[in-house]
Amino acid sequence: MRGYTFTLREFLYRNLEPAAQAEGGLSHFNRVIVWLIIFASVVAILETEDTLRGAMPGVFWIAEFFIVMVFSIEYLARVYAAGEQPRYSGVRGRLRYMLSWWAIVDLLAILPFILTGGTYNSFIIRLLKLLRLLRVARVGRFSQAWVSLSDAIYGRRFELALSGTVAFLIMLISSAFLYVFEADTQPEAFGSIPRAFWWSVATLTTVGYGDVTPVTVLGRIFAGFTAVAGIGLIAMPTGILAAAFSEAMRKRNELAKNENDVKEDS
Amino acid sequence: MRGYTFTLREFLYRNLEPAAQAEGGLSHFNRVIVWLIIFASVVAILETEDTLRGAMPGVFWIAEFFIVMVFSIEYLARVYAAGEQPRYSGVRGRLRYMLSWWAIVDLLAILPFILTGGTYNSFIIRLLKLLRLLRVARVGRFSQAWVSLSDAIYGRRFELALSGTVAFLIMLISSAFLYVFEADTQPEAFGSIPRAFWWSVATLTTVGYGDVTPVTVLGRIFAGFTAVAGIGLIAMPTGILAAAFSEAMRKRNELAKNENDVKEDS
Amino acid sequence: MRGYTFTLREFLYRNLEPAAQAEGGLSHFNRVIVWLIIFASVVAILETEDTLRGAMPGVFWIAEFFIVMVFSIEYLARVYAAGEQPRYSGVRGRLRYMLSWWAIVDLLAILPFILTGGTYNSFIIRLLKLLRLLRVARVGRFSQAWVSLSDAIYGRRFELALSGTVAFLIMLISSAFLYVFEADTQPEAFGSIPRAFWWSVATLTTVGYGDVTPVTVLGRIFAGFTAVAGIGLIAMPTGILAAAFSEAMRKRNELAKNENDVKEDS
Amino acid sequence: MRGYTFTLREFLYRNLEPAAQAEGGLSHFNRVIVWLIIFASVVAILETEDTLRGAMPGVFWIAEFFIVMVFSIEYLARVYAAGEQPRYSGVRGRLRYMLSWWAIVDLLAILPFILTGGTYNSFIIRLLKLLRLLRVARVGRFSQAWVSLSDAIYGRRFELALSGTVAFLIMLISSAFLYVFEADTQPEAFGSIPRAFWWSVATLTTVGYGDVTPVTVLGRIFAGFTAVAGIGLIAMPTGILAAAFSEAMRKRNELAKNENDVKEDS
C-alpha cells in the first residue's frame, strides 16, 4: 500500500476486476459477490416450487428485489470501472464492454426481474426464470476451472467426434430395427425412427426408464443383442469426456498446489 | 496434371473410385456424394414420422425422387467406370462388379423407391424403407475407419467368444431360476426359460426397464444376488468390444496424424 | 498305436475319460457327447415354453427320449469303464464312483425324464426340469476353463469378502433409512428393512426397475445421496469378480497358445 | 501370564478395551460381543417385518430382552473399567467417558428397548428402531478398517468436492431445462427445479426408475443429450470414492499380511 491516491474508478476497477488483483485470488468485494450469487441461485431454484412460494410469497419477492438491486449496482459499477482499460474507455468503449460475454451474462441475470417486476408464470416467462440461473454461470467469471476444462475437451475433439458418431450410428441402427419390428403393435412409441430413438437412448445408456419397451418377440431378441453389444460403445464418448475432465481437474489441483507452495515460499 | 487426354470412362473412374485418388482423401465428386448420402439418410429417417410426412407429403416425395435420380445416375456411372479395372471389364465383368458388396449396397439404397414409387405403408414395405438406411452404410465405402474396427474386433474374437459364452450362461442360469420361482405367479413374463431371458438381459445389463420384475420372495432374493454378482461378468464382452474399438480409433488417429505430417512436410 | 489288444473296458475308458487322452483335447466320442449336451440343453430350454410344446408335443417327447437313452447308455458305460481306475474297481468302487461329483451330475441330468416319463407341470417338477439344465454344467467336465476361474476367484476371496461386506452394509443402511421415511406411505414396499432391501439392490446396482420408488421428499433426498455415493462402492465386488475372471481368461488363452506352439513344434 | 494379581477393574479393562490387548486382535470376550452384535442386528432387521413378528412375537421380545440385558451389563462394565485410564478415572472421568463417541453408540443401541419396553409402532419410534442398527456400527469399535477408509476419503477431499460440485451443477442444469420444457404437461413431476431434480438424479446415475420421464419432444431431445454427455461426469465422484476405498482395502490387506508374517516369524 504505497502512498498513492486512487480515483474512484481505479478503486472500483481494482476491487471488481478479478484479473486486476496483484496477488491472485479474489478481492474481498468479489468474495461477497460469489456468496451472493450462490444465495441468489438458491432463491431462484426454490422460487420455482409453488408450494414454497405460496407459503411465503413476500419473502421471495423481497429476496429477489434485494439481489437484483445489488447486482444492478454492481453491473453499473463494472461498466463504469471498465473505462480503466483503454479498449473500453469512452462511451463507445463502454458499449463494447456491455457486449462482452460476461457483461451480457451479468445483465441477463438481472433483466427478468426488472422486466416483469417479479410476477410471472407461463412458458415464455419460465425461460426468463431460467436466465436467472445464469447467476450460477457468473461464478465462472471468478474461476479458472472452466478454462482448463474447455481446453481439455477441445484437445480431444477428434476422439469425441469419432466416438460420438459411432454412438449415434448404433442408436440409429437399433432405432431403425425396432421401428420395423414394433411399429405395428406400438405406433405411439415406435411409429417412426425418430420416435424409436427415445427408446434407443434410454436403453443404450442403460438408463432404462421402461416407459417404452419392445413387446414383440423379434423386437425383444434384437433389443437384447443391441443392449449387450452396444452399451460398451455408447460408453465411449462418455468415457472420453470423463477422462478429459479428470485430466483438467488434476492439472488444476497441481496448479493450486504450486501456487500454495509459492505463497509458502514467499 | 500432365498433358494427357482422358477418356470419359477414365475420367469417371478417377473421380468415382475412392481408391483411385493418387493423393489420398476423397475426390470433389465423392465429397458431394457423401453429403448427399447424409441428406438422403436424414430424409429417410424423418419420412418414417407420419406427422411430418402428413404435413408436407410433396416435399418428401420430391426429395426422395431427386435423391434416387442422382444415386441412379451415379450407380450407372460406377458400373460403366468399373470397366477401367481389368477384372470388371466386358459385360461379364460388369455383372461381376454388380454382385460385389458395395455395388449391391448402392443398388439396395435406390431400389425401394423405384419398386414402389415412394408410396408404401406396411410391415414388408417398412423393411424396404429400412433398406434405404443402407445409404448410411454407403458412407463406409469412403472411409477406412470400419476396416480398422473390424480388424480390431477380429483380433479379439477368442476373448469375445469366451466372455460372450460366459455372459450367455449367466443369463441362462438366472433365467432358469427365475422361471422356477416366478412361473406360477407371472406365467406371461416368466412362464418359460426363453421368456425369462428378457428379464435376464434387462437386469444384467443394468438397463432394468421394470416391465418385468420378480415378485416372489425367493425370486427377489435370487435376483438380488444375480444382479450383484452377474453385472461385472456381463460387462466383459461389452468392455472387450469397447477396448477393441478405442484401439481402432487410436490407430486411425495416428494414421491421420502421420498423413497430415506427410502433407505438411511435402 | 502299438500292436496291443484292448479289452472293451479299456477301450471305453480311453474314449470316455477326458483325462485319459494322451494327446490332450477331447476324444471323438466326447466331442459327440458335448454337441449332444448342447442340443439336449436347447431342447430342455425350449420345452419350457408351452406354445412351442403345444405346437409339437411329440417332437419334444421323442427328442427327450432319444437324449435320455443316449445319456443313460453313456452313464452305464462310464460306470463300467470307471473300474479301469484302481480306486473305482469292484462293486464298492463303482458305488464310490457313482457318488463322485460328475457322476451325480450325469445321473441328475437323466433322472427327471426317467422318473416322470416326460409329462410334468407343477412347481416341484419344474425344479426337476431345472435339473436337466445340469446338462449344460456337464460340459464343464470336458473343460479346464472353470478350474482356472474358480482358482482366480479363490485367490481374491479376502478382497471379495471385504468389499462384499461393505456393499452389504451400504445396502443395509440405505434400506434402514428408506424404511424409516417410506414405511407409512408405502407399507407394501418399504414396510420393513428386508422389504426395503429389494429397492436398495435395484437402485445401487443401477438396475432401477422402478417397481418400487421412494415418494416422500425425505426419502427421495436420501435416495439421491445414496445413489450418487453408493454406486461406486457396490461396483467393487462386481469389479473384483470381473478382474478375477478376465485374469483367468488371459491365463487360459496363454495356455492354449502355448499348447498350439508345442503342437506346431512337434 | 506373569505371577501378578489383577484387580477386577484391571481384568475387565484388559478384556473389554480393544486397544488394551498386547498381542493385537480381539480378546475372547470381545469376539463373543462381535458375534452378539451381528445376531442383535439380524434380530433388529427381521423384527421390522410385521409378518415375522406377528408369527412369533414372543421369540423376538425374548431375543431383544436377552440382547439388551447383555449389552447393558457390558455397558456398565465398560464404564466401570474405563477408570483404569487416568483421564476417565473418578466420577467426572466416567461422565467424560460416557460422552465419548463409542460410549454414546453403545448406549443408543440399548436405549430404545429400555425406553419403550419393546412395544412400539410409529414414525418417531421407528427412528428409535433405527438406532438399534447402531449395533452394526458398534463392530467398527473392533475394526481398524473404517479408520483407513476415512483416511483415504479425507486424502481425496478436494477431488471429491470439485467433481461433486460439477456433478451437482450438471444435475442442476438438466433439472432447470426439463423444468422449462415439462412443467406445463407434468406439473407434479417437473413443476419446479427441485422436483425435476429427482428425475436428474435417477437419469444421470443411470438408475432410471421410469416413475418420472419427459414426454414432450423438446424435453426428450434434451434428456437424451444430457444422458449421453452427463453420465460420464456424474460417474466421477463415484469413481473417486471407489478408488479411495479400494486403496484403503489394499493397504489393510498388506497390513494384515505383514501382521501374519510377523506372527509366523515369532
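In this document, chain identifiers A, B, C and D correspond to the written order of the chains, with residue numbering beginning at 1 in each.
Quick note on the criterion: a contact is a pair of C-beta atoms (placed from the backbone, for glycine too) under 8 Å apart; a residue touches a chain by one contact, two chains touch by 3 or more.
Keep in mind it's a predicted model, so treat the numbers as computed, not measured.
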Superposition rotation for subunit B onto subunit C, Cα-based, multiple of 5°: 90
Same or different residue numbers at the subunit C/subunit D copy interface, by half rule: different
Relative to subunit D, chain with the most remote C-alpha centre: B
Cα-centroid distance, subunit A relative to subunit B, in whole angstrom: 34
Centre-of-Cα separation between subunit C and subunit A, whole angstrom: 49
Sites on subunit A at which at least two other chains make contact: 206-210, 235, 239
Residues on subunit B engaged by subunit A in the complex (per definition of touch): 45-46, 48-50, 52, 123, 126-127, 129-130, 133, 136, 145, 167, 197-198, 201-202, 205-211, 234-235, 237-242, 245-246, 249, 252-253, 256
Contact set on subunit C toward subunit D in their complex: 158-159, 162-163, 166, 169, 172-173, 176-177, 179-180, 183-184, 191-195, 203, 206-210, 213, 220, 223-224, 227-229, 231-233, 235-236, 239
Partner subunit B, residues of subunit D touching it in the complex: 206-210
